[in-house]
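What follows is a pair of complexes built around chain A, which joins chain B in one and chain C in the other.
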Partner chain A sequence: MASTGMKQGTNGWEPRIVAFFCNWCTYTAADLAGVSRLRHAPNARVIRVMCSGRLDPQFVLDAFARGADGVLVGGCHPGDCHYMEGNYKALRRVRLLQRMMKDMGIHEDRFRLEWISASEGEKVKTTINTMTERVRALGPLGLPERFAEWDEEMDGLAHAIAAQEEAVHA
Partner chain B sequence: MPEKPKVAFYWCASCGGCEESVVDLAEEILGVVNAVDIVFWPVAMDFKKQDVEAISDGGILVSLINGAVRTSEQEEMAKLLRRKSALVVAYGSCAHMGGIPGLANQFDREQILRYVYEESPSTINELHTRPQTASPEGGHTLTLPEFRSMVRTLDQVIPVDYYLPGCPPVPRMLKAALDTLLSGNLPPKGTVLGPDTAMCEECPRKESKPADLAYTAFRRPHEVIIQPETCLLAQGVICMGPATRGGCGAQCVTGNMPCSGCFGPTSRVMDQGAKILSAIASSLSAKETEGIDRTLATIPDPVGTFYRYGLPGSLLRRKIADHN
Partner chain C sequence: MPETNGHDAPRVGFYVCHCGHNIAGIVDVAEVARFAGTLPNVIVARDYKYMCSDPGQELIITDIREHRLNRIVVASCSPLLHEHTFRVATEKGGLNPFYFQMVNIREDVSWVTENHDAATHKALDLVRAAVRRVAHHRSLATKHVRIHPDVLVVGAGISGIHAALTLANAGKKVTLVEREPTIGGHMAMFDKTFPTLDCAACILTPKMSAVKNHPNITLWSYSEVSEVSGYVGSYTVKVKRKPRFVSEELCVGCMECIDACVYKEGKTPDEFNQGLSKRKPVYIPFPQATPQVVLIDPDTCIEFKSGRCKKTCVEKCDRNAIDFKQKEEIKEIQVGTIILATGFKTFDPKRIPYYGYGKYPNVYSSLEVERLVNASGPTGGDLVLRDGRHPKTVGIIHCVGSRDRNTNRWCSRTCCMYSLKLAHLLKEHSEAEVYNFYIDIRAAGKAYEEFYDKLLEENIHFIRGRVAEVTDWSARPEEEGKMIIRVEDTLIGVVRRVPVDMVVLAVGMEPQADSQDVRRMFNISCSTEGFFLERHPKLAPVDTFTDGIFIAGACQGPKDIPDSVAQAGAAAAQALSLIDAGEVELEPNTAYVVEESCSGCKSCLNICPYTAITRDETRQKAFINEALCKGCGTCVATCPSGAIRQNLFEDEQIFSEIEGLLQEKESVLTGGGAWRAPA
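Entry: the complex of A and B
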């Protein structure tokens, strides 16, 4: 299928990554990366959630449907969840969601889960950087553009009907 | 006597079950026929497209359109009925969310045509003939509707005022919907004409639903003898009840089969499949990737299970062909 017309490196396209970081570990680590002045790719938009277990799979699909090229989820290491079990629930949901998204034709590199503790600012940096590079290599996903492109096939009919009616009323 | 309000029925990509559900009104249909003037109903009455075209714009009070939209002809009829109708109701799962035909959105158009006209075991087609939108025959040109690239819900083609969910909708909901629409006391546009609570609320097995589940394997209905009184989720069978709108009277569960989700989600849910995926997956027992994957492998077809009636209406709409 024809893609969105945006190819990697052209038209100034940059990967858009939505990052859901848990309040207690990964978000704090991202804060640490900031105060430590670690430089990383500016492509991740961070959304703080109280726990990776709060990540409703709808959020992930909605992010893609609204134009994200990748979704990154960060939570506490196994055993370290502030709410005991939230990160296990996140892992289970993510595994099933990854499988389902693969079935729907979305490349597995576009959706990633990482355990990053509050002290691992460096890991925030490397995770965002590697994810950005992987997504850059894949190119834009561009679902909103695809949706519009898919529905263009109906326009011809609309024009034909309009022309027909004009002919009748003329 | 004042003129009776006009009602039209139409079918797009559907199986006929929705038409059947109208007839299932049984003797109540006499009341409906008394109250309204049915001006178009291809499955049951001999009206033609020209008859609809002859009606003034907005002259039909309500068109109930069932079926998903796959061809240009269905689009054309949907657009015609939209123009002629004050109200349009998407009738049944297919018009509402894409329905069973919507599962075709896991394949691209070429794959489907190649399989059906060339590769299926019962097909003999040495010339690789495919249907054409126009083909000359004896000095005339025969035309066929175009087979579009994907299945669409009705509201992806025309604006829809109300939805009647179900595969098919139950007759008492149709009756209630007609009464509401005829009363002129209309609910807000976009309303699904059914209860806004989960199917579990009306499930006779509700009391046996455990507070905590810890799955090590899922079982499909043919792999297990289903106990008739215990919650299906407690028996390891995937039941769509928690992510599905009620209103059906728990028919499948009463028949000892799991809910497969035909009523779609409640109004607060964006994506029914994602919601049941979330509920099911979080209730696994395993805590590490390998064990989780082993349990999840007992769900052979996540898309077909979680989006059985709603792939075109889901957030992703269809499989992306270039694996991007």
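Entry: the complex of A and C
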């Protein structure tokens, strides 16, 4: 797919990953990674929610639509949810959404769900690192630019049709 | 509390913290402040050395008043650490505390990022997101819940005992639950305690009987917590009371039934004596066991196995205390706070086969030696080996299952000192030559180093090196019939073979085998090693991430008796402070229904794990019981009409955060995105 507005190539381009972390397990684990000074890729931007069950599929779609190259969701391990089963709800939604996004042409590696407990600072590091690498390999998703392009195309078509109609009426 | 300025146009005060060099060393804080100043709605943007300090907080308070700010954003450490601090400052300035948003640029940025530019860039994105988010914040009222004054203490080792007594002495009703038939835990098994060498039983048993006799303590031994529900201030706990087959009310602990048992000699390895002696099917763990009540082990009792025993024990008991039909009971109690003091398990030395435990009879674990040198132990304190000999040479191997990449990497903290103590006791009991094989001697503690000094003068040998192997393969005549400890003496740089009669393995401390099940039941977390995780390693060492649940003693990590007791006291004090406050503030992050949008579809009803959502049948709308809602937000994401919303995590707050994170230039993409949620 041609994309004019998108930043081309990998020169200077860095993947942007939006991460939704649950307060009790994964956010705490990310804090632990910090306290343990586990340096990792600076590409993930964390949004804290109380539970991965709070993850509205629209958050994920919105993030992609606004220019995220990847979305990461972190929740408690199965059986460990602070709210008993919110992570199972997240799992169902994510599975469904992954299927949908595949149909939309968004590569599955761009959207990842990971169970990370409060003690797994190391896993925060490896998850962010591996995800960044995978997304980097896929290149920019650039949805906002594609939207702009499509809008332009639509405008062009609209203009052409208007011109045609004008010609007919004239 | 002023509720006004929330509806006015947002006037944001922004503050970025240097945290000394912690943040400012990596993130260009001046640039962050400058950038924040260019963002819409930002009136004041400052950087300051320590925002959490009094002058830092004072900055916020003064600015709110001088610049009529109505929103505050602080970029500093994790909100789990200082969100409360800054909310309080926001409130002191005259705003509702929830007009505050925190940006984590320490744990999430400066501490995990190598590159200065990348770190600053990340910080800017996070700041932009927070400034956008805070515009959507609303004034909220904190919820208050009452604290039930009763306390549950789980585990009755020295930590649980001390916590229970502290609370009971303060007039609180305590239920103390212990899994084993007696309270006392590991400490009851120890002979003497370092560095004072006072006998463990002499200092512990008075506390054990104080527990038994305290009017405010209900002691349930031989019992386990089976279910926990509720929340801070109001926990419902189910406790399984295992059958002892002896009535606790009737038994007076005369132990005549034990003598009368048809078994003349014990046949079952005695758990309390680490299997160094045998017990009968009817037994009491040790003479000062508390409660002083015998129990019957159904796995070995003839009556249980065949139903044809003469039941001499029943005949002998003139109080008719023995009841073969006793059943397991489930008790339910209400408490407001819970202290977990479930202790540790010792490392199983069989996991290191080259030290010969279980292969050579005269290789002992340190806990076995505690019983062996104890005057009320299996040999009455006579240091006699499994093969009947008295040892002339003893080798104590330190760090077994500690500081070892193959087993456990952590230092168990107690083994150096108890090894020194055992060295002293073994010398005292046997006049044997005692060798310590150590990596480092860690004697950090009051009077600990002095104790080590004293031992150096007692002619006890210290060889620095990790032992490679314990073997019975003798290479020289003087090694015949002995075990040979092979070790590199790293101080003189030679490999040595030290023949000994007895090997003591100083085993480390590990989490209890079922610590994962227990933490799930109480909804708390474990650290990587499996010990219970404290809320903050320094500032909240006995709190957990679940309000109202505290941890004390070795369940949190290896520690000795003084530290365990100190932590137990701290946990009791934390519980007391909640109880005496009478109520606790809860985060107002509950969900609520916007009735106009609710179609009454019932999608949310089954989603809620707390059954907080019901359907008002007359109005055909969902209704959320705020008292039951715990604020996970799962129903919010479920509602197909966007009719359920969550305080503190409103859709537009999260959408604006996403927008802020991804908006590289201020001008790109304003207003609704492609899949913008209905407002």
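We adopt the following convention: the second predicted complex is superposed on the first by the 145 of 170 C-alpha atoms of A that agree within 3 Å, B and C clash if a C-alpha of one lies under 4 Å from a C-alpha of the other, contacts with A are read in each partner's own complex, and residues count from 1 in each chain.
What we mean here is this: a residue touches a chain if its C-beta (ideal position, glycine included) is under 8 Å from a C-beta of that chain, and two chains touch if they have at least 3 such contacts.
From a predicted model like this one, the values you see are computed outputs, not experimental measurements.
Engineer: Which partner chains sit in contact with A:Gly67 here, chain B, chain C, both or neither? Use first/second/both/neither.
Structural biologist: A:Gly67 sits against chain C, while chain B stays out of touch.
Engineer: Determine, under the contact definition given at the top, whether A:Tyr83 touches first (chain B), second (chain C), both, or neither.
Structural biologist: The second partner, chain C, only.
Engineer: For A:His40 in the superposed arrangement: first (chain B), second (chain C), both or neither?
Structural biologist: A:His40 sits against chain C, while chain B stays out of touch.
Engineer: Is A:Tyr27 touching the first partner chain B, the second partner chain C, both, or neither of them?
Structural biologist: Second partner only.
Engineer: Kindly classify A:Trp150 by the partners it touches after superposition: chain B alone (first), chain C alone (second), both, or neither?
Structural biologist: After superposing on A, A:Trp150 lies in contact with chain B but is clear of chain C.
Engineer: Could you look at A:Ile116 and tell me whether it touches chain B, chain C, both or neither (first, second, both, neither)?
Structural biologist: In the superposed model, A:Ile116 contacts neither chain B nor chain C.
Engineer: Could you look at A:Asp56 and tell me whether it touches chain B, chain C, both or neither (first, second, both, neither)?
Structural biologist: Both: A:Asp56 reaches chain B and chain C.
Engineer: Which partner chains sit in contact with A:Met131 here, chain B, chain C, both or neither? Use first/second/both/neither.
Structural biologist: Neither partner.
Engineer: In the superposed arrangement, which partner chain does A:Arg93 touch: chain B (first), chain C (second), both, or neither?
Structural biologist: In the superposition, A:Arg93 contacts both chain B and chain C.
Engineer: What's your read, chain B or chain C touching more residues of chain A?
Structural biologist: Touching more of chain A: C.
Engineer: Both chain B and chain C contact which residues of chain A?
Structural biologist: 53, 56-58, 61-62, 65, 89, 93, 143, 147
Engineer: For chain A, which residues are in contact with chain C within the complex?
Structural biologist: Touch list, chain A to chain C: 14, 16, 18, 23-25, 27-28, 30-31, 33-35, 37-40, 42, 45-51, 53-59, 61-63, 65-68, 79-80, 82-86, 89, 93, 117-122, 125, 143-144, 147.
Engineer: Applying the document's contact rule, which stretches of chain C touch chain A when the two form their complex?
Structural biologist: Touching chain A from chain C are residues 78-80, 104, 106-109, 111-115, 118-119, 121-122, 125-126, 129, 520, 523, 525-528, 533, 537, 545-546, 589, 607, 609, 630-634, 636-638, 646, 649, 651, 654-655, 657-659, 661-664, 668-669, 673-677.
Engineer: Would you mind writing out the residues of chain B in touch with chain A in their complex?
Structural biologist: Touch list, chain B to chain A: 72, 75-76, 79, 106, 108, 148-150, 156-157, 269-271, 273-275, 277-278, 280-282, 284, 286-289, 292-293, 296, 299, 302-303, 306, 314-324.
Engineer: Over in the complex, which chain A residues touch chain B? Could you list them?
Structural biologist: Within the complex, chain A contacts chain B at residues 1, 3, 53, 56-58, 60-62, 64-65, 78, 88-89, 91-93, 95-97, 99-100, 103-107, 138-139, 141, 143, 146-147, 150-151, 153-154, 157-158, 161.
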